[in-house]
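Following are the structures in question.
Shared between the two complexes below is subunit A, which pairs with subunit B and subunit C, respectively.
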Partner chain A sequence: MLKSSHRLWAGFAIPGTVWLIALFAVPFYVVACVAFGTIGPIFRDAVPQWSPLAWDFAQAQQIAISLAAGPLQGVALRTIFYVACAMVVCFAVGFPVAYYLARHAGKQKLMLLVLIIVPFWVNYLMRMLAWVNLLSTDGLFTRFMRIFGINYNWLDGSPVTVIIGLVYGYIPFLILPLFGTLERLDWRLVEAARDLGANSWQAFRLVTMPMSKAGIVAAGILIALPMFGDYYTNDLLSRSPSTEMIGNQIDFFLNASSQPQNGALLVLALSIFLLLFMSFYLRSTGQAARQTTG
Partner chain B sequence: MRRRDFLRDLAIATGGVTLGGSLLAACGGSAKTNSEGLPIGTPDNPIKLPVTTKPIADGLPSESGTLEILNWADYQNPESIAIFEEKFGVTISTSIYDTEEAAVAKLRNGTFKPDIIVGMTDTGLAKLIAADLLQPLNKWYLPNFGNVIRGLQNPYYDLEAQYTVPYMIYGNGIGYRADRIDKNAFTNGNGYDVLWDPQYSGRLAVLDSYRDTLAMAMFRAGHKDANTSDPAIIKKAGEDLIAMRKATNPKVDVLAYQELAAGNRDINFTWSGDLLTALQYLPEGVSPDVLGFWYPETTITKNDFLCITKNAKAPVLAHQLINFFCDTESAMLNREYVGYQPALETITIDLLIASGTIPESLIGALVTPEKYDAGLAQVSLEPEVDRLWLDQWTAFTAG
Partner chain C sequence: MGRSRNIKQTSPLVFMIWGYIIWSLVPVIIAVIYSFNDGRSRTVWQGFSLRWWFTDPYASIFHNAETRGAIGHSLVLAIVTLLVVTPLGITLAVGAQRMRGRGARLVQALTAAPLITPEIVVGAALLITFTRLFTAIPLGFAAQLLGNVTFSLSSVVVIVRARLVSIGASFEEAARDLGATRLQALRYALLPMLWPSVMASLVVVFATVIDDFVITSFLSAGVSSETVPLRIYSSVKGGATPALNALATLLVLASFSVLIVGLFGLAAWRKQQGERGGLRAALADVTQMDN
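Up next is the complex of A and B:
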């Protein structure tokens, strides 16, 4: 009886396992086979090398050198910098919003949540194209800023514009999980801290922040992962080499060059880098779970 | 025919990948394949492509139903298409491609199954032929073929125009906003230098095409080979582009026709046809005279073409569409929307100017037969050479 019950519960993992194998493990293996494969002599398309024993790592070495000290180094560092800046701004804007929604919005909570989410029902691409219109030289935003004497060409390949685009595109994915975490906090602990003499900043720093750490990390990971691979924000808002991100290079190598394996290699390099983030996330959530149960 | 057999026949027909270069030269053959086995024609070595299947027979009736087109975005006038549909009682369905590489890949794996392909160039043609994706044309259905520019009736990449009929012609140059940039900026000294001039920083763009933009840097440095394999020249071009990036922070895209028209940038290294297309994108009330074009003395000229797929479901209709685009009146109507200049002898510069659709400031963007002949050809590169070009392009675009 116990055995059949165990099998039943284990059976629930089958769809997820199949999903992971079919839509993650197999595609990832194909990317690796392309990355360590060759280029077709006639059509210059990727010829995957299916046997790991025959993988060719010469090109991977070139890409590693390029990322470490060659032309791709600048792109890699810039991508990290842009994502870091965008995350700081996302937290600076998103945390107070989530905090307000969770703590002080009262009856308006649902309406405010909907108002935050509604614009994001529109496709990301369309929203970025709307920004292109707003920021163009005769765009509404540019003309509005001229009233205050600010005459700035936002679309001239400025890093600021790309970072703003990233923030705008991903901030709801930060607010929602943060709101979920903050809403579940036991606010009596914060009140207890205040009763014991902590001022509001100390209560926030010593009680609210540690208790919401798991949500902060989850929200950060949730926006950082897609930001690192993002290429169309830069494509639409800049298109300047000086703001090129790693996703743009992947797009170029895969779609418009005769070296698709370079694109696959960059995908692998980015995946390994992002694995570090995921490891951190898993470690943090594991710790948080142990603290809760312990 | 199996692909392996086809490639064998291709090798025989074109001089053979198994023949060494010296032997091929000794034979004095006018055709050659590159080291990849692709049938690449060059102006110095024109090529007659192998024919492995017969063209359709004369006098067949037109098919009914739908004609499938594969084309670039905005590269056919919807009005022209409507006229053709009405005339032949058919429906036309158009799929869009972004790059020749992606289009060839999707044609090979069957994602695209068009009857007719519009806008490919000779570098794409070599791959289409190698993949045995095209059928030879039957000129019986193309009475208007005689309207095609004479020099292109027998192009170097497809002698006797067995598979292709030229569609549009264009040359590379610099488009600019004549209301903001003095045209003398291009004529005082080396016109290409404008792209390196810091006073225009943040206001300019170059083509997102490594072959075109690196070649432009080579022309600026005084070289006149758009297909060079000299590592030093390629490296210098890459370094010059990096210097340009530092001096002027250019954008890299293919949006000149929109962005110049919208006034979002002032200078754009681009294809001449883009400036003619830009006229359609000018905001209401803006004079067409705000657009200008500098046509360099040393530059690339190109044409693209129409061709029919081997497995076309409506090959007769596909021939008729090609013939339709070769008709002077239909081509003029098509041009009104597309902007680019039809590759027809009958559409002269005088006719275009007389049509009243070309402002005086853009007459320089029109490609005269003399300009076309003086232009440099761009052909496929050997893989190792291509890699050198791409390495420099990556160094430039990676910022």
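Up next is the complex of A and C:
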């Protein structure tokens, strides 16, 4: 009886699972087969090596060296630096906004929530296009800044523009989960701390933070992951090699060059780097779930 | 005294939240306004007109053959993705929720992974796969469909599973006690109650696919499979006219009309069924902010 029901539920899961194995798990293996494959002698095309026993790691070594100390090092470090800067700004702006919304918004809560959800639903490209318009040489923002004597070409390889672009693009995806975490907190505990003599900073640091830490970390990782793979923000707001991120290199090798093997290797390198964050994320969400239920 | 202290503390936060809202919305509103510019500029206002929307017989988005093609392609891709991913996601959610043991952990890991994998990784991996292993699937519509289903499947599973957890097992058990088979209990007791999560999934997947750029771009095969986001992306770089703003505005209108229909549908359903919730719960359904 129990066994038959188990089989029934497994049967429900089969179509979706097969789909994800074929089109999510298998593709990673194919990427590895191309990354560790060979280059065809005539067309110089990447030939996949299907047997892991015959994988050739020569090109992988080249790319690893290039990332660690060669031409790709700048791109790798820049990617990490841009994402780190964007994360700091995202939290500096996003946390107070989510905190206010969860804690002090009162009767305005639903209206503010709706206004904060709106950018979440506005297409990413539209939001970038809006800034391209404002920042172009005769754009409203550029003209406005000229009043103050600032004449700057914002769209010509400016790291500040790219970082602010990343913030603008991803911050809505941080604020909502943060708000969700903070709203679920048992604020009576914070009030208890205040009643026992903690000042507001102490209560925040000793009660609010530890209770919401797991949710905050999870929300941060949730936007850091796509930022590490971003290439279009950069492409739209700068288009200069001086601001290229790792995603731009992947896009270039796979879509615009005849070296897909390098593209495959960079996809693998990025995935391995991000696995670290992902495992951290899974741990944090596990903790957050325990915190709210237990 | 406590009250005055409170007000002093919150005032910079009020300033901050309104500053954020203005910063996040005003650039987009300006871009929408400029889609009605009478001139060819996207930055200098030259009077109001609908030329980039309707009236220009060649350059307006509803007359230009290329933008019309892109609009049609986007809509077909979104709708066909919905038709495939919804049943696949619901069955996977039910199965994953109730399976036990090692198989269950595998299924859970497989459904969680796409949610936290950057799109460029999924897009690049699928591009490599469709060009080297599954070569029967041509780049273009077929590959874009498979890619979008793969990427949005997990969000359907998350939304439906959250609903399954909140429903619990008691309704099905009651149906079983009254003589229903397992499948009958599923069909007549559980399925009708899943409706809000299905509606939320439809809204979320439609918006995801209609807005998708990365996967659709990696798996496209030139102009024949160009969607609206791809068209926007390639024209931002050139000296495009306000028709570009109009096209981007159209995309925003598409996701918002689906969102609003979905929200009111969800709120109405909840009210009719006597469930608590209203707009706040409906918003939580479609943004997954409580997950």
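Just so it is clear, the second predicted complex is superposed on the first by the 249 of 294 C-alpha atoms of A that agree within 3 Å, B and C clash if a C-alpha of one lies under 4 Å from a C-alpha of the other, contacts with A are read in each partner's own complex, and residues count from 1 in each chain.
In this section, contacts are C-beta pairs under 8 Å (C-beta built on N, C-alpha and C of every residue); 3 or more make two chains touch, one makes a residue touch a chain.
Because the structure is predicted, anything quoted here is derived from the model rather than measured.
When the two structures are aligned on the shared chain, A:156 is found in touch with subunit B, with no touch to subunit C.
Touch criterion met: A:75 reaches subunit B, while subunit C stays clear of it.
Residue contacts after overlaying the shared chain place A:5 against subunit C, while subunit B stays out of touching range. Legend: residue contacts after superposition of the two complexes on their common chain; A:258 is shown touching subunit B, with no touch to subunit C.
Contact with both subunit B and subunit C is seen for A:136 once the two complexes are overlaid on the shared chain. Taking subunit A as the reference chain, the count of touched residues is higher for C when subunit B and subunit C are set side by side.
In the superposed model, A:241 makes contact with subunit B only, not with subunit C. In the superposed pair of complexes, A:44 makes contact with subunit B only, with no contact to subunit C. In the superposed model, A:31 lies in contact with subunit C only, and not with subunit B. When the shared chain is aligned, subunit C comes close enough to touch A:225, but subunit B does not. The intersection of subunit A residues touching subunit B with those touching subunit C, taken from the two complexes, comprises 136, 138, 239, 255.
The part of subunit C that touches subunit A in the complex is made up of residues 9-10, 13-14, 16-17, 20-21, 24-25, 27-28, 30-31, 34, 41-44, 88-89, 91-92, 94-101, 103, 106-107, 110-114, 116-122, 124-129, 132-133, 146-147, 149-150, 153, 157, 182-183, 207, 211, 213-214, 218, 229, 232-233, 236-237, 244-245, 248-249, 251-252, 255-256, 259, 279-280, 283-284, 287, 289-291.
The touching residues of subunit A, counted against subunit C in their complex, run 5-6, 8-17, 19-21, 23-28, 30-31, 33-34, 48, 93, 96-97, 99-101, 104-105, 110, 112-134, 136, 138-140, 168, 171-172, 176-177, 179-180, 184, 200, 221-222, 225-226, 228-232, 236, 239, 247, 250-251, 254-255, 260, 263-264, 267, 270-271, 274, 278, 281-282. Interface of subunit B with subunit A (complex): residues 7, 36-38, 98-99, 101-102, 104-105, 108, 127, 130-131, 202-203, 205, 208, 210, 245, 249-253, 255, 262-264, 283, 383, 386-387, 390-391, 394-399. Looking at the complex, you find that subunit A touches subunit B at residues 39, 41-45, 66, 71-72, 74-75, 78, 136-138, 153, 155-157, 238-244, 248-249, 252, 255-259.
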